[in-house]
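Please find one structure pasted underneath; my questions will follow.
Read from first to last, the chains carry the letters A, B, C and D; within each, the first residue is number 1.
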């Protein structure tokens, strides 16, 4: 094989000067620049940027020599990955069994009523993203909600309403 | 090619004595002996995935049903390819496929040439007793020669496999999961804008339904050619 | 690392801890942390400085003490446990170590919740500092590893595990020793160990707790397994949703590497083993072994038909041993005390103990470890303290979305693999959700079907479309718009999915429906024939706790 | 035997195919009275019909009312053709909201006096549905339309008191 052909497919340069690409590159290097490092690398991108956009997917896929469609297939298979930027705040309602039978559906109703968004959506002002989790493993504290990475236990619709109101006021 | 007799397995399919090479699957052996086993995801020349579950057969001594496309023959195996139970399951699976997307045979390019449609007839399906889903899914006609109509897709993944394994482009893959899964090209972009697609059309011809078709075909006009698949496989084997 | 060196570390650890006249342990596992237990520990430390007690009283961040509902939990060296502690209580707690306990915060430990448990997997939880390898070594940690490396051949190790009767704690209960010997016998240039820490059942948090409270125990179990089957590389596939567990595992791996307990030529022998983490990304189906392997390989986590089994052709096509966290956590005590010791605990076919995550409508929610064979009644009513608010018990759900709902008639059934299977449920990974009369069992079935539908990978038709159809039918029944015909369709789909789905997720997805239809048929009947929900849960207007 | 045919939401192609029986219509007429049909004059669907052939999907409130009444008064109900069996082309609107369908039909594609009629046209149901999703159906004759041969075979068998086996003779889209 001609070396010229190979060099055409040498590792591409990061999409821009953003320093966070160095973290992404470090993960890819650690995993030997191998296609099997795809998921780990996507984790790093999401941690650094908050979500996976087309540019990032293209960069990671080409760098790891993963077909574009496969990278997209993987990124959309796993619910932990998101292709859209999240809101300023996130509110994750746990839908584990214990939380479900202890009132998680009522919490979701509260979110819907107060913010007008369904799980997976972000309010139109970009303030709050609402998500559901399979189970946070905080079943002893059911129902549980994560407000911006902080787990809150035994949440009531009233308590939730107050918390959401805090976010709404600038 | 001569093989030592010890390497030949003997088994029974539907009461018939048949012989097979050890690496062969129940489906391959059945096919050689003109015993019909329905299937939609399997296609000779592509890897097997065991996904459509139509080729499930009963094997004596196993309490589970086994997919004929991936189950290798064993000495003394007794296989039943058709029974009231199996036929019931197969009909239910086909009916589920009809409910999943919008399969309107009467206006489909593949009408009369569709594997889903003909299997349904063969298995005696005259109506679907599960409720239909009626999803909103797109038709992408951005490619200059081909069309993908997700209304007709059964997610058999033949297009994904032929593109990866035979053409080597890996333009197709599946995105999402569960009932929301969809076949996509590259980064879920219009097929016409795909960078990796070579336009070879193999995906169109392995597609069992009207999901992938050539442009300019009207109802019932899309005939699929498959002869290239065994041909390519054979020619590549000989090259080694 | 030699046995002598290990002994030395252990001794100096005991000496260092023995220097303190008093010790206060604060739970810093995820449950209590989310009730601000870290601030309790900080306040204690601050008050110790204020008193000048630095050399006299030690505070220690420890793992889960079990009674998560009452957190933050704090225990002192005189055996007192406090519940619901806040930072403001710190001075009073320090006062109490030298006087009488604080009645106001007292959490009695002479109650069945603590007394009826038998701790093997959780023996160090709530006692040692998960972030210090020395503390683990001081509690006999890595002794089992040294023992196998210096005194036992790989077949002897496997023999010990076979003798123990240990069965996989991830769900199906496959005999662990048998699995190990299959991988040991498989030929391959490389073999792999995978620890499945993608705890996926909603309502289960046993594995998280073990990883957060005692991560070295899992590493040691994997090391022993690697030695026994001849593997040189291992992966822990852990949920990305468990950041604390990930952090503590990373710390533990680094510490073990630094001490020469992981890496090349471990303890001066020819045995080498590396462990790396792989983060799960939110796909329940990755609990299925072949899907898990695909995910570790960086692909979509879709299962493939078996055979070939992972023990023959697994990760990267090589023989692979997959066990879950709790299974690995059982290994070092088995090696330390012998398989015969372990086999004496539990029932004839289900040996040892099992950790359950007790949650739902029960007084004492939290983590419990009990010998196999105790009855559901003992767990729910004695250990769990029964149903709060004077309500009536209705069912206990085990095994998550693959399991079933067990009614009051089955409360006296012993909890072991066979009994649960006979009753139409499974052991599963150990989630146990208690429901009272305020839960509608059709609604619960719908909940689990929603879960299975969302988690179906979409590869095989029966699971992909069948779970959708079943969910839709249950949706219409719980909207009180269903008909008896819908129930008949549900029954048909249960049978279809069970017998034709590709993997365990689809095959077991109908279990919650089957088991509720069997034990609570009258509830289904009320929904479709009388358009009435006996529990008052279903219908177009969900009962909300407050007015709109 | 008392025979009826009903026309719900369909293109009438199945009735055309029925007329294609030509001289075989006489053979049918010897054994059956056509007591109700868009092809004959009776305006009221009678009681005690032995066999009713239904063409078309159940798409609006009138269809719904009619098929329930027909089912009550019929011994053997036959779904004739793909629209009755699968909802077929009428069902192609089902992924969309009825409001979108009305807009497309009466506003977007209309140049003279666009507007949704509120009289004469019976309101659409949310979905256009196969007959058997509304009432129990005894015999299914798929096809778009089923050929005259298939219809003749099906009707002949029914008139002889047998349930026809049709899957070998016709299919969806045939």
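The rule we apply is simple: a contact is a pair of C-beta atoms (placed from the backbone, for glycine too) under 8 Å apart; a residue touches a chain by one contact, two chains touch by 3 or more.
Predicted, not measured: the structure shown is a model, and the values here were computed from it.
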Chain separated most widely from chain C, comparing mean CA positions: D
Pair of chains with maximal C-beta contact number: A-C
Distance between the centres, which are taken as Cα means, of chain B and chain A, whole angstrom: 35
Distance from the mean Cα position of chain D to that of chain C, given in whole angstrom: 58
Inter-chain centre distance, chain A versus chain C - centres from mean C-alpha coordinates, in Å: 25
Chain centre separation in whole Å, for chain D relative to chain A (CA means): 51
Residues of chain A whose C-beta touches two or more other chains: 70, 73, 77
Two or more partner chains touched - positions in chain C: 283, 300, 455, 457
Chain D residues counted as touching two or more neighbouring chains: none
Chains grouped in pairs wherever the two touch, ordered by label: A-B, A-C, B-C, B-D
In the complex with chain A, residue positions of chain B that touch it: 164, 169-177, 184-188, 195-196
Residues of chain B that touch chain C when the two form their complex: 49-53, 56, 64-65, 67, 70, 89, 92-93, 96-97, 99-100, 129-131, 133, 154-155, 174, 176-181
Contact footprint of chain B on chain C as seen in their complex: 283, 300, 304-305, 453-462, 464-469, 472, 489, 492-493, 496, 499-502
Sites on chain A touched by chain C in the complex: 35-40, 42-43, 66, 70, 73-74, 77-81, 95-98, 100-103, 105-106, 109-110, 113, 133-142, 144, 150-153, 156-158
Chain B-touching residues of chain D, taken from the complex the two chains share: 79, 82, 85-89, 91-92, 94-96, 127, 130, 132-133, 137, 140-142, 144, 166-168, 171-174
